[in-house]
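First comes the structure, then the notes that go with it.
Chains: A, B and C, in written order; residue numbering restarts at 1 for each.
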Amino acid sequence: MSNIRTRIPILNLNPRARREALVFYLMISPWLIGLVLFIVYPMARSLYLSFTRYQIGHEPIVTGLGNFNRLLEDGDFWRSLRVTLLYVLGSVPGQTAIAIGIALLLAQKIRGVNFWRTIYFLPSVVSAVAIAVLWFYVFNPQYGLVNTLLAAIGIKGPGWVFDENWALPSLILMSWWTVGAQVVIYLAGIKAIPQVLYEAVEIDGGGSWARFRHVTLPMLSPVIFFNLILGLINAFQVFDGPMVLTNGGPNKATLTYMLNLYKQAFDFGNLGYASTLAWVLFLIIMGLTALVLRSSALWVYYESEQR
Amino acid sequence: MSTIDETRRSAAQNTLLNRPGGLHLSQSTGRFIGKVFTYTLLTIGAAVMFFPMFWMLTASLKPEWQILTEPISIPSEWVHVQAGNTVQELPLWNTTNPAGEQEEVITIGTRRYTTVIDLNQLTEDMLISAPADALGETQPTEVGNVVLNVRTLTREDGSQIPVASLARDGGNILVAPVEALTAVASRMALAEVNAGERVTVEVGDASFKGRQVSDGPAVLALGPESELTIVGPKAIAEQAILVPAEVPVGESLVPIGNTELLHYSLQGYPADEYYVQLSSETWQPVIDLSDVNASAFAVENARLSEEVTTRTFNLAAMPVRTLTGEDGSQAEVVVLIRTAATSLVIPVEDAGSIRLSPISRLAEPFVLNIGGIPVRYRDDYVEHGEEQSVAIVGERLNMSLVAPQTAITEAFDVASNSLTRVTRLRLYYENYIEALSKDLGGATFFTFFGNSTLLVILNWLGHFFSVTVVAYAFARLRAPGKNILFIILLSTMMLPWPVMLIPQYEIFSRLKMINTLWPLFIRSFFGNAFLIFLLRQFFMGIPQELEDAARIDGANTLQVLWNVMLPLSKPALATIAIFTFWWTWNSFFEPYIYLSSPKNYTVSLGLGFFKSQYRYTFHLLMSASVVAILPIILIFFFAQRYFIEGIQLTGLKG
Amino acid sequence: MKTRKWSMVYLSALTVLGMLIVLGWAGLSPRPVAAQGQVTVTLGSWDDENGNIRHQAAINDFMAVYPDITVEILPNPGGDWHTRILTQIAAGDLPDVYMADSSFVPLYVESGGLVDLRPYIENPDPAIGFDPYEIFYPAVYENGFYQGDPYVLAKDYSTVAIYANKALFDAAGIALPEEGWTYDDLLDVAQQLTVDANGNNAASPDFDPENIVQYGMDHRGDWWRGFQTTIYSFGSHTISDDGTTLDGYINSPETIAALEWMRDAVHEYHVAPSTNWISALPGGVMPLFLDGQIAMIFGMGPWFLSMLEEQPAFQYAILPMPTGPGGHHGAVCWAGFGLSPNSEHPDEAWLLLRALGTEIGQRHYGEHALSSMPIIMEDKTDHPFWGTFIREAEFLAPLDDLTNPYYGQCVGTPAGQQITAVLFGDEGADMDVAELVNQVTPEFQACLDNQGEMPESGS
């Protein structure tokens, strides 16, 4: 049995709480309006479009599950899903390890800390147009830096972004370079670890490894978790690198999910099918995030747990 | 109970167990080694991370060609020497002269040689058909006075003889013993060999595809090919003279060292004076654009005499006709450009600035309209180091740079592949000037800087307004539905952006905001999920007690936010500022979709001007990129301490 | 007190916002407020800044004739022009006149992004219409057709020919080939111009393919349009004339022979580097060509003339394409101007389009590419660079890309990546060409069929 009061929670509150709730909604109203205008409406429209055949310049025609059937038979869809998964598997763990490593180094008491931090942050701020030209030369089989260095020690380097088998690993390597934002977040996490914990380990005679293993890592696990989720989301949507550097090639070896989606929308002008792809990706990301959230209980250490 | 206690205990155990007895480094030594280790790692890491910036910096100071072919080298320029009193310059090369010294030289001639055998003297008994695996590696070897590709043939009886291969014979290779070949082999210029007619010569069962050299035998080129270049002291260039290509005649080959050089006599010069050719190129008559503007005019062809004479101005041959004026007066004019109906002419006495220029300085001219006649011109033409504006007129001419044979007595021959260009260090700082001052569709890079700065300020305003308010509500206020809303907030971070692009574009299009800066900042007034989340986390870290105290003093929510929370949140606000700056400054795709007039372009979009469909102007792209990332580097350098303090992820839980 | 401070902040924030909105509509609005009687039309250009200077010069001449019309160039800074056009078609925001690549014209037409130019061209008023067959090369003009109607007028175009490093030919004593030479001759010349580190050329039994210092030719990598010339010359097309069927065309014996010829040149005769070796440098293999590492490269591109001529003393020659078993046929690369259906000033936009497509614009565009007008090209037929490209135009075959709106996306680009780039890459050495082509054909066909029946447009 429920009456109208219990079904509409806000009416169920005492006046003070009701006022607080009103202030809450008033204060988040800019975000709520933005949400409806720039996210909910576009999402709803694209959800509708995902059930239509919608070519640019024409009216959408509802085709029911037609797009989803097409998706199952679409070689490029499966290919791009595979490429993206491989990319995620390669880039996210690497990025995490490198970012933690750099953050640990930068958290030390070092001279000229501003200088060092700025240098490590640099690769993340160079604009995409310039970065594309840069990597062209780093990975150029003939003139490139990597192969020149390899040749100096007598190894014939591969074709990197121009070789079907090496293009994706090249993109993964690239992603390891631009970890500036993650480093900053880890650094903040490390700085927030109470010094007493380290002192405790030191009193017990623990060395630097013990400090890392038994204090830094557990205390950092919520930050790792946070970065992991953001990293997963970003890696699943990887677009800039394959777009400006390889355009999906050679032979579709770097055709990532987003690139495939983008091509469907803006090369073929097939907005209906692109919307379907987008929604499928959204569901995949949501599902994976949920999985990671579930697993977090096993390895993420929360301060509040000890209370 | 306490995880930390456990941690401590196990840590103590581990370290006690792991520590080898007896090896006790003193604490200060340990720290020193730690320091060295830290700094070494830091430096190596920094070198890797700094590389992109370093590369951009060097590239931004290079000429365009050097970026293409020498990506990791010091910015430098090729050194040239002026040829006589012409505007042409000849490249200088490094080589070792016969005395064993390094010398800077110019090249005078090149000839490519190969080893041939006289097919008529080849006999069946010389030939052996051998499987490829019975033959050793190819080794170019000097045998007698020729070089042969010598291989070792292992015969079935196990004995080995040196052979050279002549032709493929199905799966086998047809070879002949080196000993037998020396008698029939000779060195011959490749030009001579390939000038001969193709012939097929049968020797026993084998047939060879050779060349019938004129006045000589049928030969088979065996290789290896080699190329010799004749070089000479750079002083030779001083004696160079420019003549029309048809003037050098009567070529003859004169030996120099191991090669030969073509000598010519010049038409109109004493027949016993010989010359060598330093270069041959296409030249183009040009005239000062100011002279064209001042004195040239268009006339109907009918008013020009049929009769045409050729007059030479500073070596440039130009057609001269007689112009009959409306009053019947007659004047001699130079025809600069002739179209079907009209001609652009200039009086002979005003044509003094007509001269020749190598076409390499006139590529991709622009077109100007004078009296209905299209005039090609370049306003950045460089002559003797000076930039000038010239119009391109008349017909192209093939010209040769020649030097008297007497000037090249010190010439010698070297292998072509041993020559390297002479370069000298040169920082092309002009790249920066050019990139920043270039007219890019009615705007310059400073316009883009202005737009980006405006956008950053607007986005800052938007984010400071919306993010603080929303984050406070999520951090402190209680309301039904808050948790669901917070999860929605977090999940908006994982939306694929192309889904929303088209509907968003439609919205902005309906609002008539396309090709304005509006779509690029208006959304910041409605918050940003990531920043709201960051600030909420920071707010949660601020003790509730401070807020309660203010409340007791009678402050309302906004006052609490303004007077208590924000002053304590400077680091978090700095973080928001930096992230906003970073995203706004580097965003490419959205400005690309939304902006079309250059006057509205942002910096990252403006960079795209230096990258076109067919061609990059790398040097400009790189110098513009360096300028473009400077603000971010500066801001990060000075604000990074706050930046890091501002990120509070403690107490983070699903 | 404090409350007042807060209301002040809110008030000022609102005021700023309000002012911005007013300012935005007045100052930042896309179309500048025009002077009395003045009409502004926009020109969408994908060219780089040099190209835009040319556009501006043409526009200046245009505005001198039509002083009531102001033209604004909307350039394309680096991104993907096609994306931009599709987005703008979707939102009805196209520039009044814009550049369109020939292979995308069918798609733009199908999407309602281009206006049929026939009513304008055939208008009896000489101030509006003109006789296209009198002033254009008919074949070039008709490249702007889709299903029998003109939608774009050429800005400029190029044929495909072979760039040769004349110094390498001279040193080897090889005469420059002339029109009528065959693919066999090409292979023969390429063999003589491919040299290993020991100085042995590719015809020699001592040739060492592992250490090549100079290659005879390139193979066009994933540039499908470039390779189409060879397919046409071997006697096939890649799609049926009606644009529906690939089977029997892209996998015909002639197409396969063409692919095998090039594959063998790379892997059996080693006269061309493998795809993996050639870096996809901007400008393609041009830097290697200028550096003397490749003696001949296939190129469209009078667009590269400046790169050639800016090299002092670099001696080049432009060779005609060889004749194949099916004759000598070429494929055109073509850029044009089209008219937006959303234009607020269609008549003025047409005047601009007409000016750019005819003499006013062609005088400028003809300066660095081929022009559609014989009158512009007549003094260039003997030019050492232009001559060959102009003569190649006589051999142009109808372009496969124009038969289907999705040819480029479904066949052209993927074929470059999945057929030629693979066959001429390291993996291609032992690959069965017919098997590979037959394997990808159904995929390409499915892509065409999926786009297939276009929903009826508004008309």
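Simple rule for what comes next: a residue touches a chain if its C-beta (ideal position, glycine included) is under 8 Å from a C-beta of that chain, and two chains touch if they have at least 3 such contacts.
The shown structure was predicted, so the numbers you read here are calculated from the model rather than taken from an experiment.
Trainee: Please list the single chain whose C-alpha centre lies closest to the global protein C-alpha centre.
Mentor: The chain sitting closest to the overall C-alpha centre is B.
Trainee: Taking CA centroids for every chain, report which one is farthest away from chain C.
Mentor: Taking each chain's C-alpha mean as its centre, the farthest from chain C is A.
Trainee: Roughly how far is chain A from chain C, going centre to centre by Cα mean, in whole Å?
Mentor: Once rounded, the distance between the two centres reads 36 Å.
Trainee: Go ahead and note the Å separation of the Cα centroids belonging to chain A and chain B.
Mentor: From the centre of chain A to the centre of chain B is 33 Å.
Trainee: Could you grab the centroid distance between chain B and chain C? Build each centroid from C-alpha atoms only and quote it in angstrom.
Mentor: That pair's centroid distance is 22 Å.
Trainee: For chain A, jot down the residues that touch at least 2 other chains.
Mentor: 129, 140, 143-144, 271
Trainee: For chain B, give me the residues that contact two or more of the other chains.
Mentor: Residues 69, 465, 501-502, 525, 588, 607-608, 611, 616 of chain B each touch two or more of the other chains.
Trainee: Give me the residue numbers in chain C that touch at least two other chains, ranges are fine.
Mentor: 78, 83, 87, 90, 281-282
Trainee: Taking the complex as given, what residues does chain B use to touch chain C?
Mentor: On the chain B side, the touching residues are 68-69, 88-89, 91, 110-112, 114, 138, 140, 149, 151, 164-168, 173-174, 189-195, 222-227, 279, 281-282, 340, 358-360, 362-369, 374, 376, 438-442, 458, 461, 465, 501-502, 505-506, 509, 512-518, 525, 555-556, 558-559, 562-563, 588-589, 592-593, 596-598, 600-601, 605-617.
Trainee: What residues of chain B sit close enough to touch chain A in their complex?
Mentor: 1-4, 7-12, 14-16, 18-19, 34, 38-39, 41-42, 45-46, 49-53, 55-56, 69-72, 465-466, 469-470, 472-474, 477-482, 485, 488-489, 491-504, 507, 523, 525-527, 532, 557, 582, 586, 588, 603-604, 607-608, 611, 616, 618, 621-622, 625, 628-629, 632-633, 636-638, 640-641, 643-654
Trainee: Could you list, by residue number, the parts of chain A that touch chain B in their complex?
Mentor: Going through chain A, the ones touching chain B are 9-10, 12-13, 17, 20-21, 23-25, 27-28, 30-35, 37-39, 41-43, 45-46, 102, 105, 108, 110, 114-123, 125-131, 133-134, 137-138, 140, 143-145, 148, 177, 184-185, 187-189, 191-192, 197, 200-201, 204-208, 210-211, 213-215, 218, 222-223, 225-226, 230, 233, 237, 258, 261-262, 265, 271, 274-275, 278-279, 281-282, 285-286, 289, 293, 296, 301-306.
Trainee: Quick one: which bits of chain C touch chain A in the complex? Just the residue numbers, please.
Mentor: 78, 80, 82-83, 86-87, 89-90, 107, 110-113, 222, 275-282, 288, 406, 409, 414, 417-418, 421-422, 425-427, 443, 446, 450-451, 454-458
Trainee: Touching residues of chain C toward chain B in the complex: what are they?
Mentor: 2-3, 5-6, 9, 13, 16-17, 20, 24-25, 28-30, 42, 44, 46-54, 57, 61, 64, 72-79, 81, 83-84, 87, 90-93, 95, 167, 170-174, 192, 195, 198-201, 204-206, 208, 281-283, 287, 291, 301, 303-314, 363-364, 367-368, 375, 384
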